[in-house]
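Two complexes come next, and they have one chain in common, chain A, joined by chain B in the first and chain C in the second.
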Partner chain A sequence: MGIVVEKRLTPSTSWQVASIILALLASGLVSALLLKSAGADLGTAFGALWDGAFGGWRASWKTLVKATPLILTGVAVAVAFRARIWNIGAEGQLFMGAIMSYWVYTLVGTLPPIILIPILFIAGFVGGGLYGGLAGWLKARFQVSEILTTVMLNYVATYFLSFLLIGPWRNPDSFFQQSPPIDRAARLPNLIGGTKLHLGFLVAILAVAVIYVLISRTSLGYEIRAMGMNAKAARFKGINVERTAVIVMLISGGVAGLAGVTEVFGVQGKLKPDISVGFGFTGIIIAVLALLNPIAIIFVAILFGGFVNGGIKLQVATGVPSTLTDAIQAIILLFFLTAAVLARYKFRLGTKDE
Partner chain B sequence: MQPLLKVENVTKRFHQVVANDSVSFEVMPGEIHCLLGENGAGKSTIAECIYGFYKPDKGSISVNGEVLDLDSPAEAIRHGIGMVHQHFVLVTSMTVLENIVIGTDAATAILNLQSATDRIKAICARYEVEIDLNSKVWQLTVGQQQWVEILKALFLGARLLIMDEPTAVLTPQESRRLFKIFREMTGDGMSIILISHKLDEVMQSDRVTVLRKGKRVGTVVTRDSSKSELTNLMVGRDVNLNLVRERSDVGLPMLVVSGLHAANDFGTDKLNGVDLTLNRGEIVGIAGVAGNGQKELFETLMGVRRATSGRVMLADQDITNKTPREVQQAGIGHVPDDRFAEGLIPDFDIQSNLVLGVHRDQPFARRGFLKFGQIRSFAKQAMDEFAIQAPSAQTICRTLSGGNAQKVIVAREFAQASRVILANQPSRGLDVGVIEYMHKRLFEKRKEGFAILIASEELDELLALSDRILVLFKGQIVGEFSHGAVDLERVGLLMAGHFDDAPNPNADRSL
Partner chain C sequence: MNELFTETILIAVLAATVRIATPLIFAALGELITERAGILNLGVEGTMLMAAFAGFAGSFATGSTWAGLLAAMLAGAMMAFLMVFMAATLKVEQVVTGLALNLLAAGMSLYLFKVYFETQSMPMTEVMPFMPIPYLADIPWLGPIMFQQKGLTYLAFLMVPAVWFFLYRTKWGLEIRVLGENPKVIDTKGMSVTLRQYGAVIMGGVLVGLGGAFVTIGSVVRFVPDITAGRGWLALVIVIAGNWRPSGILLAALVFAFLDALQLQIQGVGVDLPYQIFLALPYVMAVVLMVLKSRGGRSEQPGRLGIPYFRGER
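Here is the complex of A and B:
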């Protein structure tokens, strides 16, 4: 006797919603306990969290800025996961997108913005895409697991960026490892006056729309889904699974590369080693939580962005250590991930029959 | 005598589909009780209700007069109910023993494991089953895997064994043996619920309950009934599986295979120089025990498996080792034998599965975009033609009954092929009405000048369909018979590898 776990044939919407609510309650409860134990007043703590995330106009657009790279990496990961290609390398692809676009900027940075900025995004897409495509090609050609290659390529990208910032691209006037500041004209324009919500947010939404249409309406998207659900039958029916894998990784890496552009040219205004603080990895979590649905990714990413900003406010307001907000974030993640997985199974008491 | 199992007014719904509509029947101790019905009639569903996998919406199920409150297979197992599913659920990387004891108490204690082994060995001895408990399941033949499933049920103390289409995957010899053992089991007082589309097998049962569109239309004593009466009850009309064969003008060679060699996934040679010719307007049947290279032959022709040597010519085009897409575009359709693993994307809906392979082509796509209107109307038409039973074209294939899933594949391949149809066990799991329809369509295709190659373990089916029958043994064609000159005895001997005179199988061609 024990608890029997079975995969559901068809997902149940009500159970999915229920599990999300359950996760919310559970994570709220555990976070409350943690905050309490750190001596924080719960009312102040949760109030600050909300204020920092969505409390007012300023907090809201800041949250959208934070969400921008997460939307992009989330969608990048989702495309690959739909094809059952485990791209763990959005982080490295983001860095390569940043490097490539910065390089192009050093070459043609004086072009008028209306031409330059699209070129920067294209460069970012190409940089990340080729980097992802490399892992895709290794998988297709030599059957090397993409999990291994993408993880290792993350390191290569990080150290390559370090090398560039120590060597050729270093700003000689700065104490830090970073490039000289990027011209005002080459930075991403803000969408709304008085905010720092930059063009990158629009690009991210656009990327979601394109990927959504690609996956659900095109022949290529059909092949991506088919391959992800039953690669053998897909191959039997003439789908070139190897080629599709390479294409998927080109697209996935490319979209992740766009996040590099938004961070360098929209947020930081220079190339730095910390243009991403694990956005590529958070993207994986976001994609899985959103059940690989591009539209849902927008909302999950915004929630995440809100949590990051709210967490900062919470620290300031209650004086709890920043590690505590990290811990709370991790707890929320765990509960939501569990809920997302659980929603696809059914449970009952008994012995396993199969 | 009190019935062992009593099913009363069981109703089971899946959303808008009523899979079982107030179904009642009884199974006596020592009885083989057959469930018969068209594809999608609700046989598997009622079986899963008895096994506690599904919970009926209404009605009751009782064993030995005790009404069961089944909410899991564990509950059913406790009441002595065991089931072997239509699609096996074994862990292929584990051993036979591990598969049998997994999830039971015996798995946890080493002491118990020894007594478990003894008990399993005793069961094997009782029914004269030879199986190495320590071999891994993937090394076993399908027939042996089925034995693992049965042993598992018996080990758990089953008194009532539910077998869902057990012989669909067995060779005729294995099926005969299975039935012999069924009789020994019933002799020991066990009961068996058998689901089968093969009327020869159904006729060996004690009683038959016929389902139609989820409702029970009758229970008959097999001895007092006949195949035609059962068919009539089941589909509501007569079915003739020996359609009148019109003469067809056999034309020029369409597909010529010479000296084809290929290996299976483990590198073992499975095709050892196959030579065969398919002519326009001809149906050629391949007789042979499963595992003699049928699968590899079809896969190599389709470009899914590499030919290590030899040549495949389609008309005057060399298609040896072309990609699957090129082969399909050249006009060859293929019905693989493992429908859920190779023929379908189970999580896709029906309409998407029906255009698998032509999802890049006109009229289903233009400039890289899918044309859903076209796809839907094509799907509606195909579903009508092949009587695919589902609420809509957007039904996910995973939820289809086994036979309806097979129909999706057949419908798709018949629509996509323009010159050659290759079908491996195409009628597996189909009800007689649908088989009849498929045969009709095959004859039409033959008349249109298609070249058709069919492998089947049902010799009757091959006899009814084929203009020529080839016998495949150990990856070689060891005999050839033209329609009307088939010597069944010799076919059987050749299938078993007995070549009377010539040691060289290729010299043993009788035309």
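Here is the complex of A and C:
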């Protein structure tokens, strides 16, 4: 008799969920160590973190605002990762979505909002989608790793935005790299009076619903899942793997591009270099923690949105830099990956039957 | 534009090429050893960044760039240890692990920098001195280009034949290359696959760490967030463009470095073009190089790159 370890055929879902909780707890411990080393009082620090994230209605609404782009980048990453296409470029696609939607705004910005705003979202989707699709096409046509092209394209998008903001789209009245402010009428309307929660949140939820149906109910979704399990086998089943890769990257990039629209037209009210502070990368963490499940992404993104606001409050209350939360997010991911390994095994008492 | 082509400027550009290539060569050679062992470490950028920070912090704390160098190598080894533990022992998806390492480094280096260094007024460290090599430095053309550099630069260029010798002429090197193609061979001989992967990945991490050290204490007095600025990612492209061979890697690194040196020179002369075009150039070139590479010749990419080895698999 002893503890027998057996490999499971499919990872246990309950263990995967438990791994998230374990990862959060372990990361909490590491955070405590980091906070202590920075000389902060733990009670004050964790209190501030909670207050900033979910302490009361005001904080919670703000957290939903922060969660909005994260839901979108999370879903964007998830739909690609489902097909084992490693889109690391949500950041650049977000920027291209922002650029495209702002460009369209400069052309037709005087249209009535009810027509304009849908057009802006379509433009954002197209901008991000084409940029993602470019990486997909390079992968399909030349077998160039999408990991590296999307990373390179992130840098290119950042410099392109910077060029636009000191060149053609520069606000002459401002010292900073930014565009002139966007007309009030063209901004995303608030959902609830007295809060900053804007239409973008609903769009994000809608995007989740669409991607969920796409993955689980459509033939494209079937192809995506088949590629994710085994690309070679998918090819034998008659799936055009190259074509699907391009479509997946178009969709993934497009959804990331929507996040550019929500930030420019919902939050900032202008185009700036810092419309995203790594949302594309946080999206990767969120997607993986949510087990690439679109619905779960909403909740993980809200949690991470809370981290952002909590981090700001933490800095005010204790002087510990808010960047702590960035480090913590990566630590959560590493702990999760470690703990999730256990989900691959079964533990039971008994003797090994050979 | 004429002044671009005078002899002095050409020498200056080529000397800058050699200098700029230094961290790229270190990082790409480190990744080469890692990938030859079958492990795809996408965390090069993060490893480099962590090492760059450790080099800066170690040098600042002790006042010695040697201690900084040691700290950078250690940081490189630690990041590599994390990678290989996840990849070889836990057999976690290597792509996701590498990305996690990058995010960890970006967050941690920034946090530690803000906590320990942003409080003081502009902390600075010593920078490694130039070490002209007697006699060789006086050779016309070649001297100022190759032999008036820093110690780490010489080391980087010496590492190219050294890594080649290691991979192709030693028993350990052979074993590492077999890991990347068919780890079962190693396993059935009763030798540990995991142990060898740890060795290769950590060795690679130390090399990447040296590249990180060059970015801070080898070049500038300060640390700034995200100081590696994508060099680690370029190293991954260089490994591909160099077709997983030390000589190819040297060539690819020099091409990138030359472009970078050239754009610095052109910017310095003041050409009427947006500076962002020059900054974006290496990344655009990276994509172009990978496309060109895909069209010509046989790829030497290790067959088992990124695929974990399970004992008893068919």
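Following the convention adopted for this analysis, the second predicted complex is superposed on the first by the 309 of 354 C-alpha atoms of A that agree within 3 Å, B and C clash if a C-alpha of one lies under 4 Å from a C-alpha of the other, contacts with A are read in each partner's own complex, and residues count from 1 in each chain.
Here is the rule we use: a contact is a pair of C-beta atoms (placed from the backbone, for glycine too) under 8 Å apart; a residue touches a chain by one contact, two chains touch by 3 or more.
Fair warning: this is a prediction, and the values are worked out from it, not measured in the lab.
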| item | value |
| --- | --- |
| Chain A residues touched - chain C or chain B, whichever exceeds | C |
| First, second, both or neither for A:I285, with chain B first and chain C second | second |
| Partner chain in contact with A:R217 - chain B first, chain C second, else both or neither | first |
| Contacts of A:R225 with chain B and chain C, given as first, second, both or neither | first |
| Partner chain in contact with A:Q329 - chain B first, chain C second, else both or neither | second |
| Partner chain in contact with A:T195 - chain B first, chain C second, else both or neither | neither |
| Contacts of A:F236 with chain B and chain C, given as first, second, both or neither | first |
| Overlapping contact positions on chain A, where the chain C interface meets the chain B interface | none |
| Interfacial residue positions of chain B with respect to chain A in the complex | 51, 53, 71-75, 77, 89, 102-104, 302, 304, 323-325, 327-329, 334, 336, 341-348, 352, 356-357, 359-360, 365, 368-370, 396, 398-399 |
| Contacting residues of chain C [partner chain A, same complex] | 42, 82, 86, 90-93, 95-97, 99-101, 103-104, 106-108, 110-111, 114-115, 118, 230, 233, 236-237, 240, 274, 276-277, 279-280, 283-284, 286-287, 290-291, 294-295 |
| For the chain A and chain C complex, residues of the former touching the latter | 34, 37-38, 86, 88, 138, 142-145, 147-149, 151-153, 155-156, 159-160, 162-163, 166-167, 278, 281, 284-285, 288, 320-321, 323-331, 333-334, 337-338, 340-341 |
| Residues of chain A touching chain B in the complex | 1, 4, 9-10, 217-220, 222-223, 225-226, 229-230, 232-240, 348-354 |
